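Scrolling down, you'll hit the structures one after another.
After this come two complexes, each holding chain A, first together with chain B and then together with chain C.
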Partner chain A sequence: MTTTTSDQANIESPPMDFGDLKSQCVAPRPSIMGRRRSLSGILWLSAKGILRGLLTTLSYFRRPSTVVTQQYPENRDTLQMFERYRGRLSLIHNEDGEHGCTGCQICERLCPNGSIIVTKDKKNEATGKPALDQFIWRQDTCTFCNICVLVCPFDTLEMTGDFESSVYDRRLLVFNLNEYAGPTADQLEKLGDEELAKAQMKPMKKYQGPVPMCGGELDGIPKLDTGKSDDA
Partner chain B sequence: MAQALMNLISAPLLAQAGRAAAGAAPSMERARTVSDRAADALQYSIWAAVLYIAIGLVAVLVVVSVLGLVMSYIERKVAGHFQCRLGPMRVGPHGILQSLADGIKLLFKEGIEPGHGDKVIFIGAPIFSITATILLLAIVPVAPGIQVVDMNVGVVYIAAVSGIGVMGILMGGWSSDNKWSLLGAMRAGAQMISYEISLTIAILVVVMFSGTLRVSEIIESQQQGWWIWRGHGVAIVAFCLYLIASTAELNRTPFDLPEGESELTGGYHTEYSGLRFSFFFLAEFANLFVFSALATTFFLGGWLPFHIGDYEAFNRVMDILPPVISPLFWFGTKCTVLIFVLMWFRWTFPRLRMDQLMRLEWKVLLPFGFANLILAATVVLTGLYFFPTAT
Partner chain C sequence: MTVEVSSLKELVEQASGTSGSPDTQEYFVNMGPQHPSTHGVLRLVLKLDGERVLRCIPVLGYIHRSIEKISEHMNYMNCVHLTDRMDYLSSIMNNWAVAKAVEEAAGIEVNDRIQYIRTIFAELERIQSHQLWWGVLGMDLGAFTPFLYGIRDREVLNDVMEETIGARLTMNYVLPGGLMADIHPNFVNRVKEFIKYFRPKLDEYDDLLTGNVIIQERLRNVGVLSAQTAVQYGATGPVLRGSGVAFDLRKDHPYGVYDQADFEVPVGTVGDSWDRYWVRVEEMRQSLRIVEQLLDNIPPGDYLVKKLNSKIKLPEGRYYSQLETARGILGVFITSDKKDEPYRLHYRSPNFNNLWCLEPMIKGDYIASLIGAMSSLDLVIPDIDR
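Our next item is the complex of A and B:
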């Protein structure tokens, strides 16, 4: 393989970064049919490849522990999903619980299947600027395409590694992502008045925070009778 | 009434006695299968014949259902070992109740029919599929006499009947009124019909070596040694062709394009649920056994132990098992090994693309099969294989 004069083999690709997984893109191996080989050569190569594959899996079969497989329900406490994993969408909140979403609705407009609904105050009384009211995310229709995260001009969205989301009713997969309805962290800082900022962050609606909108009224989504009143 | 019952029981014995009295040479007589016994009994009482037919039918049905349970369990365990998954360890000790739980789950699932589909064909497709398997199981020789029917055109029968399985899949895909099902079925049709040619050509090599189409005689012709090593490279190539073609016939990875769950959301059985779905898989798992059993029969000497020509001492060591257990042991061992190899393939090789699949068949396997067939004819005519006097 190494003695090939094919042009393909000389291409060196830069190392690529896959989050935690450091991997180098290796130049494609010259294909069996690309070079002129005798029939017996092709047969020999094929048989060798097949046998090598079979022996590899047989070694796994004999020692299953050498396979890198996560024993999922057992390792629930220590399980760390990869950085690039696209689980639940979430609005980034800083340590004070403030978000950076201005309610510009770019994500809503660019969402391919309308899984995001952003409602906003036309004019917030304290800052005099528009502020976020509700950031609704419908996981039941989301394809996890990541476009909303990419287009957000304020870098306030992220895909978390949270993937355990099975429920018995798809209406439970409609979330309100913002912990409070109000101005962004920047605007709250500009206010200068800590008391006023705190008042701005007080919950104004019943279903605030990243909880399922199971009790909330929303266009097109019927109200769900959970039987447990509002605590769900 | 009692007399009738006595007749029923003694009929085949009497018939056998009559045949022996007529002077049939006992050494030339084959072990009598269920259908032979039914035919003998027919001379005496029709009810005895019906009884034997019922016995054969029930035996095959029991084998199919037991195979479905056992195979799905083995498949899970083998897959779990290959990938270090603990999935099949949870239901019962070592997961032995998993198949049972699956069966109960499938029983309780709703059987849904697509609204605009062709209902009759939709319901008939899984039945077609399993019928092909049952017809094939009828000719599988487990041990001398433990075989439902042993006809003189056995190999032709196998080639003909295994084609019915394609019909089941095509019907299922067509009647589902679903583009994925249709695509899966079209792929299945193209694939299974193509690979059937290679399969038959591979078997023809053995037919040439043994000079018979009768399955039990093919096994008997391997008394001096199994064809896979007696036939030199020709038989080994034929065995490899058979293994590849039967993997494709079984729709197992790397040739599982008809299902192709990642690109066709289930392929031909997308619209099937509950018991109808399980019928397809019952047929598939039973077919896995059937094709392994046929490979055993054609290439590995069926129920015969490992013999080397006239080396009496070696052969006697191989014959050490009592005659009742020996055929079952040897047949079972060979079959299990082949089934494991097919499962091993599944967890090793990635799925092929459709054009690669077709190229492999029409440009590689088929020319090789024909060349191998001609070579085999030369080998047979010149008597170049080991112990040619045996045939």
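Our next item is the complex of A and C:
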């Protein structure tokens, strides 16, 4: 640690020349004792200042309509977050429950803190094209910077207004966002066969679906002991 | 000019051997890192004689997150979001500082709409930062009411910004080459409503705190910082202007569209805590003026001139850019080696320099005055450590 002596700073020296500064000055308001006032003047102004502050708070006491406190847990049903609020990340699914994620991994590459892990199948059996396997989002490391949403070329990510996400174990904050592993909505449509498309959307693995990955195997995340976990 | 370098250990050892009579025994006391009035994890080692502060040695490093080092492994778009976490009360201005540095270095021209929106948001952010400071200053000096009033008004402004940005504290709104999102359709009207709401509230602030004789006596002639010392220690922002140096980057080296707005820069005369208090309260009024003038003239245009996932590569060299945040000058120094990641990214943060003004300003004064003086410096600790 370094410290400098402040002696040289306290020495009075001639006024400094700061060059041509263009700032216009507004002189600060003088304080109560700032000017030459008599004792009675000071006392009067002091009492006035304190009384005025008291009257301000009293005026709010008289007007309960000015209360701005939100009764948060009680108003949960009516609480409306802003449209753009950055809460929990979610993968947009259409009304048929199909997603548009191709697993291109742009969001994973541009995520500043490695909160997104996208794995994909090399070749889907039905479509013959690569398809999304797991879209894993780690809320415990996410900084909600919104970059993944912005860079997604298929506009398939969004930040929802869901902000109540406290849990007792941070391993519960790892989510799999896609409801099924497999092709995008576009590719499912191209299949033509409705039965085949539905079969593609059935869960094929144990930890599929929008559930916390409790117990899921993932690099760097220790396995949760389900026997001892608090189910509350 | 001589600079004496000594370690904290040496200082303590020197003092322990030289205790004289019990009446004037000097002793060391730790203030922080968990002291509520240090507004974070700042540790001050105080050398005391009774209640008088003989020396005040700030000890840093309790909230160091190595933002500069992490930035070396990120592209410039990702670097921005880390600056939210430096001076979290002026996050948009921090974002803008990085964006400005990158744009100047890479030669990206942004359109007028982006500049207008950035300037408006920076001024709104300055207001909300000063609102919080005003409330906390009251609380530090033992008055709890101002905190509630400051937070109440800050909430109104936070809602306005949240509607456009989607975040309340870590905004991450300004990107190199534009903005993250266009302004919300309601934005202009809501800011107008806010200005109408907040103008009378500023007079109410005066009634509550400024006119109060106890507050005035605790701030006046406390923590006097001469213009000379302020310049020597590299203080900027309201701390420098409170000492009587009329230096404001918004006026002297205009960036954004500050040159198109008509506003004044409040400057103190004595350099005490009262002057710094007054400079900030007046700055809120001037910020309202700037926003009011710019709000109706936002030109049409794109909100992003650079494609988002395109790699921004800076030419080899060193680039420096600075702007005025709510607390002073934030400088961004980029050393580039032709990659899309900085070779070295350094932030010249305002709070670091402002912090060291504490010692010359408080020497020989009481501990109680230290609280007031420190509050008038408006320190944000994560910005000091980075």
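The rule is short, and it goes like this: the second predicted complex is superposed on the first by the 158 of 232 C-alpha atoms of A that agree within 3 Å, B and C clash if a C-alpha of one lies under 4 Å from a C-alpha of the other, contacts with A are read in each partner's own complex, and residues count from 1 in each chain.
As a convention for this text, a residue touches a chain if its C-beta (ideal position, glycine included) is under 8 Å from a C-beta of that chain, and two chains touch if they have at least 3 such contacts.
Because the structure is a prediction, the values reported are computed rather than measured.
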After the superposition on A, what does A:Gly114 contact: first (chain B), second (chain C), both or neither? neither
Chain A residues touched by each partner, larger count belonging to chain B or chain C: C
In the superposed arrangement, which partner chain does A:Asn146 touch: chain B (first), chain C (second), both, or neither? second
So, A:Gln71: does it touch chain B (first), chain C (second), both, or neither? first
What is the contact status of A:Leu58 with respect to chain B (first) and chain C (second): first, second, both, or neither? first
Residue overlap on chain A between the chain B contact set and the chain C contact set? 50, 53, 56-57
Of chain A, residues touching chain B in the complex: 50, 53-54, 56-58, 60-61, 64-67, 69, 71
Complex contact set, residues of chain B against chain A: 78, 80-86, 344-345, 347-349
As the complex stands, chain A meets chain C at residues 1-6, 8-10, 13, 15-16, 18, 21-29, 31-34, 42, 45-46, 48-50, 52-53, 55-57, 68, 82-86, 106, 110, 112, 143-147, 150-151, 159
Can you name the residues of chain C that touch chain A in the complex? 1-8, 11, 57, 59, 74-75, 77-78, 81-82, 145, 152, 155, 159, 162-167, 170, 172, 180-181, 184, 204, 207-214, 216-217, 220, 226-229, 231-233, 241, 245-248, 251-252, 264-269, 274-275, 278-279, 282, 286, 308-309, 356, 359-360, 363
